[in-house]
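I've put the structures underneath this note.
Two complexes come next, and they have one chain in common, chain A, joined by chain B in the first and chain C in the second.
Let's look at the complex of A and B:
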């Protein structure tokens, strides 16, 4: 070592004002949503009405919630293939009310929490791969749903139907649910728990060095996912006024697509529910547009997947051009 | 002077004519009989250490001696197999980070613990965020972070920046402030100065001293004996997981310490210089990278070790990255062996015979979960292909040879790199660079965290390559390495070369590098330095 002292390096230069990086994910998600909304409006001018928007939102709401559920787990660098199973179980539990009260809704949500907890315990404390765990529990949960109700049917409590299709003070409940979800997310993101989730998702080992209870955070993320997926099930059941043990599967890959389109990194630690919601609504719009054009159902799937590919591709390009690392 | 051979003989051994006022036996951190094995690898075999509150205690040892393992146990990250840690007379429950933190232990981890997707402020106050009903009070968080940074004289870190956008030195400094912010009773600095310029290093050491003055026990882990002499009151040397030497720094000369650390003598650190050839391997004329770098003129001859000097962050990193194809030249004329060289990707640069040892081994240098063998052959896979398939046998043979050259522990070649000690991880990156003799070797702080013995080996290896005609571009945050290892040093400031110092002309010394770096900080006229 030398006893010569260098003054602190570039401190002499006044700190340049940081340019905020362009939020490409937000721009992309918004642009896609707006384009699709305009296309849909041109095809069906009648849509320009709060009631109609509420209707459209209603049908999209289960996907919005399942995608939010998926986001929670992806944020901690997990994956939840069982969200569809939890949704299915929740619809049949809700529809088992057969004239019963809102207690059945609470029961469905509690079951969702329980199933999420099971996933979380297997991934966190037991330490299994989330992919394997939820691949297994997906079929198990589907089986449970079929055990409870072998075919579509049943009657959900009126409260569930009202929650999904009614309105409060002139505002469609579906709108309120989405707003509520966004507010809850904003609070969660700013909460101390939110910071733990980001830390665990970014780098579990470093999070541990900081004393983060990594496993507990993972469990909590799965529990939140279970709760949200079950809520999706309750609404789905209210929407169709019945329960369906097989309804869940179609949501699984779509929920992952919404997460990715919404810019949440599958590597964990980056992103959030805000853009996931927008992405889920975009996918709903695609569905609506395809229906308005009287095209086959496969067109919806193809269009959604196409969108996903294009977006991931451009994201990679943008990252490369702006010299950032792809995440 | 107390030399303990073989297993430690007890906690009391460390107490000699200790620095500081006589204090009760409780005013210290005591580690006794610590043992830890990873599988069949017995890393700690009964380590003893006593560090008084109010003193700086250096912990020395070669790469893999078990220093980081010891402090991970202290910090509650790893659980010991046997032995105890007690603080001020109270035993620390094993294996809990939170418990250790509550007891007042803060560790600046060698591989850093900051979370890339959180901001500087969020990291500084991680798990101590000001909040209302669980919701973090954003503005108060920012303010508190700014206050802390100001209090420790580190306000060049912007609390709002995302840690992912910080460079290694900045993340290291953040880590130190974070540990200081908790006002610890035991502060552990695990090679916290290894990635820093001498200015930043002395800031860290100074903060360590000040913490000690406030009554903290500071454990300083470093491979730089100068730092130990500058700030440590006492020292403990570990070798193969046992305490072999305890005492005051002034009781021992460098040779004794090094011999105790390595179990062998090191004759000389820097190899003798051989005069470089005449052919120019790398020539940069008017090179530019964005607005930050250039116009830049630079020449490296075959067999030359060309240093990049100057204050930290004056464009040295950008030069290396552009030559390595990690970023693009945006202007100028760059040639390698007379052929134009504007690599768009690292792969192109590698094909042109360029090998790069990056600054941040964990982020840029290594596949952490893959084995030592795989990592060391990574950039030379094409030379190992036979009939379209990778010749695994040849890969293993060659890797073994190179690993041996760099002093990687035999028998750990199949272990995932993440399980190696910090210094040994650095050796893996070097092994890869040496795997095939490159035309140009770019070294960014290649001795970071490497012990003295291996450092001498590495310098000898690089000098050997140079003797065979490799042109070496060498950047180091350690001024003495620049002054004693290089044939020529280009001193940079604000993205330009401000002057050139030749060893042959007798102009090259620590003082001359420093003087040039400083004079060109004062006047920003942008004029070229007087040509040598």
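Let's look at the complex of A and C:
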């Protein structure tokens, strides 16, 4: 990730030379993540182990992927409330395998692409507001998931369980999935499509005048969102070794929160999956820290909200004191 | 004359939502004999007013370019805190005032986080909502069987002025006041300007921070008040009474034609949206669908209803329709 390289500031350079701006969003997201990681390590020193990290990452993996799905749509100035519905459909399709082959995983992903395409067509060519479209398709997808499986149950293919919980060459698969996601995002961002997404999110009208096929880009963003949300569903099903038609709802607000905490703007055009992954992992760490406290439910509720608020308020305060315009 | 035309064009999405509500009402009347009875209509009005009060502050916040996710927890707070205060022997009117004022202060905290610290509204209000939830869980306020609601809340929720429920009358008055404030006052114009374009608003001399802070404060107060009447209607106050109203409050304003990105919409639109949503909620169960089909039908009706009755996009879309609308707006 090029953002990771802080601009070198050699003293010899003439001052007039334009410096690359410091990627504040990334610095802030990294800082929040590191603070939480240190707190968690202090509470649970046993965590400093690749296997343990893999286990922790496993539980956060569905959120990471759903948040990544949300990011794709937010980048083009959209919003996808149906990611939870797509995730739920994917878990029940995967779990319908009843011990069958990995073809069920492919089917779940294909269904995710199809549902994302439906959202994209309604928002792009038909021209409805993303919020109202995905609010409606959210309940439709939840209904479809309930049709397929009325209660939690089923058995996902062994391949899904292995994908979520196994390891490859000594490295936990959960780590590999996150790395793969980041690499895919870097390639995407460098591609023509990536540039077009940012262009559409920044100013759709100007992008259109520049010859960007705006509606096609919007449709593609929703399709990618559907694919990623379905992948989250496959992994969720693998993790729990079952399917759940109601598991998706809890991810909807959290996915938007992760996107925003990462620093991706809901107004489009700014941010990316790298930031979102850091934020989703931060939220996972908060959950882990709170669980380690082993306290009353009100304490854990207060602690998770309080931690979140302290971190984002501190970030805001630092931004303000350093004189940056707060967005 | 042009002013009238502009007003008509601006309210076209609201008319669309009203048409949507009308269609739902006609379908209900044709399908079920008692749907258009006075009792049922009164019932629907009361339910719609719950959504309307929950969505009142939400509409102001969204118009100003924000979002308030603490609404459901402040609703629960309003109901439970009132019950606890009255059980402790406090004067009931005073107790309602205390609840609403605390709601206002919590809203102010949201506003300060968003404006002074620059935290994204969705994160700030989610966090503050969590803290309110923790407070309700913490201090032994909750009773296992629900808290008993004082007579003042149930009186307001169940009372009637002649044939019309009191809450509906209060709602109508509040709606008129909000409509006038939004359309005719400097503050109202500031809210739209802030939501439409923050930078331009600041350059035009608007104190956008203050405007935003007021919208969040109103949202907190309105949510707490909604909690009072909702618990009054149910007869008990539970932790979960606010939950259905998070998405209902947002859906009502979006169906009413407001843009979730701010700057466009009216409270009148939200009122119509709340009525349409309530009609849909009471109509669909009459068809004896299983839960899965009910869920699918609900989504399809919203999708088709909004698409068919909305004659133009509210802008900010990407489709040909939205573009044409923007061109005609410019021309």
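Definition applied: the second predicted complex is superposed on the first by the 279 of 327 C-alpha atoms of A that agree within 3 Å, B and C clash if a C-alpha of one lies under 4 Å from a C-alpha of the other, contacts with A are read in each partner's own complex, and residues count from 1 in each chain.
Going forward, a contact is a pair of C-beta atoms (placed from the backbone, for glycine too) under 8 Å apart; a residue touches a chain by one contact, two chains touch by 3 or more.
Remember, it's a predicted structure, so these values are computed and weren't measured experimentally.
Visitor: Just to be sure I read the superposition right, which of the two partners does A:191 touch: chain B = first, chain C = second, or both, or neither?
Guide: Touch status of A:191: first partner only.
Visitor: Quick one: is A:199 in contact with chain B, with chain C, with both, or with neither? Answer first, second, both or neither.
Guide: First partner only, chain B.
Visitor: Output check: A:146 vs chain B and chain C. Expected answer is one of first, second, both, neither. What do you get?
Guide: So A:146 only meets chain C here.
Visitor: When the two structures are overlaid on chain A, which partner does A:135 contact: first (chain B), second (chain C), both, or neither?
Guide: second
Visitor: Tell me which of chain B and chain C touches more residues of chain A.
Guide: C
Visitor: First (chain B), second (chain C), both or neither: which does A:270 touch?
Guide: A:270 contacts chain B only, not chain C.
Visitor: Of the two partner chains, chain B (first) and chain C (second), which one does A:211 touch, if any: first, second, both, or neither?
Guide: first
Visitor: For chain A, what residues appear in both contact lists, the one with chain B and the one with chain C?
Guide: On chain A, the overlap between the chain B and chain C contacts is residues 208.
Visitor: Name, in rising order, each residue of chain C that touches chain A in their complex.
Guide: Touch residues, chain C against chain A: 69, 113, 116-120, 122-124, 126-131, 133-135, 137-138, 247, 250-251, 254-255, 259-261, 291-300, 302-303, 306-307, 310, 313-314, 316-323, 326.
Visitor: Show me the residue ranges of chain A that touch chain C in the complex, using the header's touch definition.
Guide: 77, 79, 122-129, 131-133, 135-144, 146-147, 150, 200, 204-205, 208, 214-215, 218, 253, 256-257, 260-261, 266-267, 296-299, 301-302, 304-306, 308-309, 312-313, 315-317, 319-320, 326-327
Visitor: For a test of understanding, state which residues of chain B touch chain A in their complex under the given definition.
Guide: For this pair, the touching residues of chain B are 75-77, 97-98, 101, 107, 109, 112-118, 122, 126-127, 129, 131, 134-136, 138, 156, 158, 160-161, 197-200, 202-203, 224-227, 229-230, 311-314, 327, 479-480, 510-511, 514, 517-518, 521.
Visitor: In their complex, what parts of chain A are in touch with chain B?
Guide: 1-2, 4-12, 15, 18, 187, 190-195, 198-199, 201-203, 206-212, 269-270, 323
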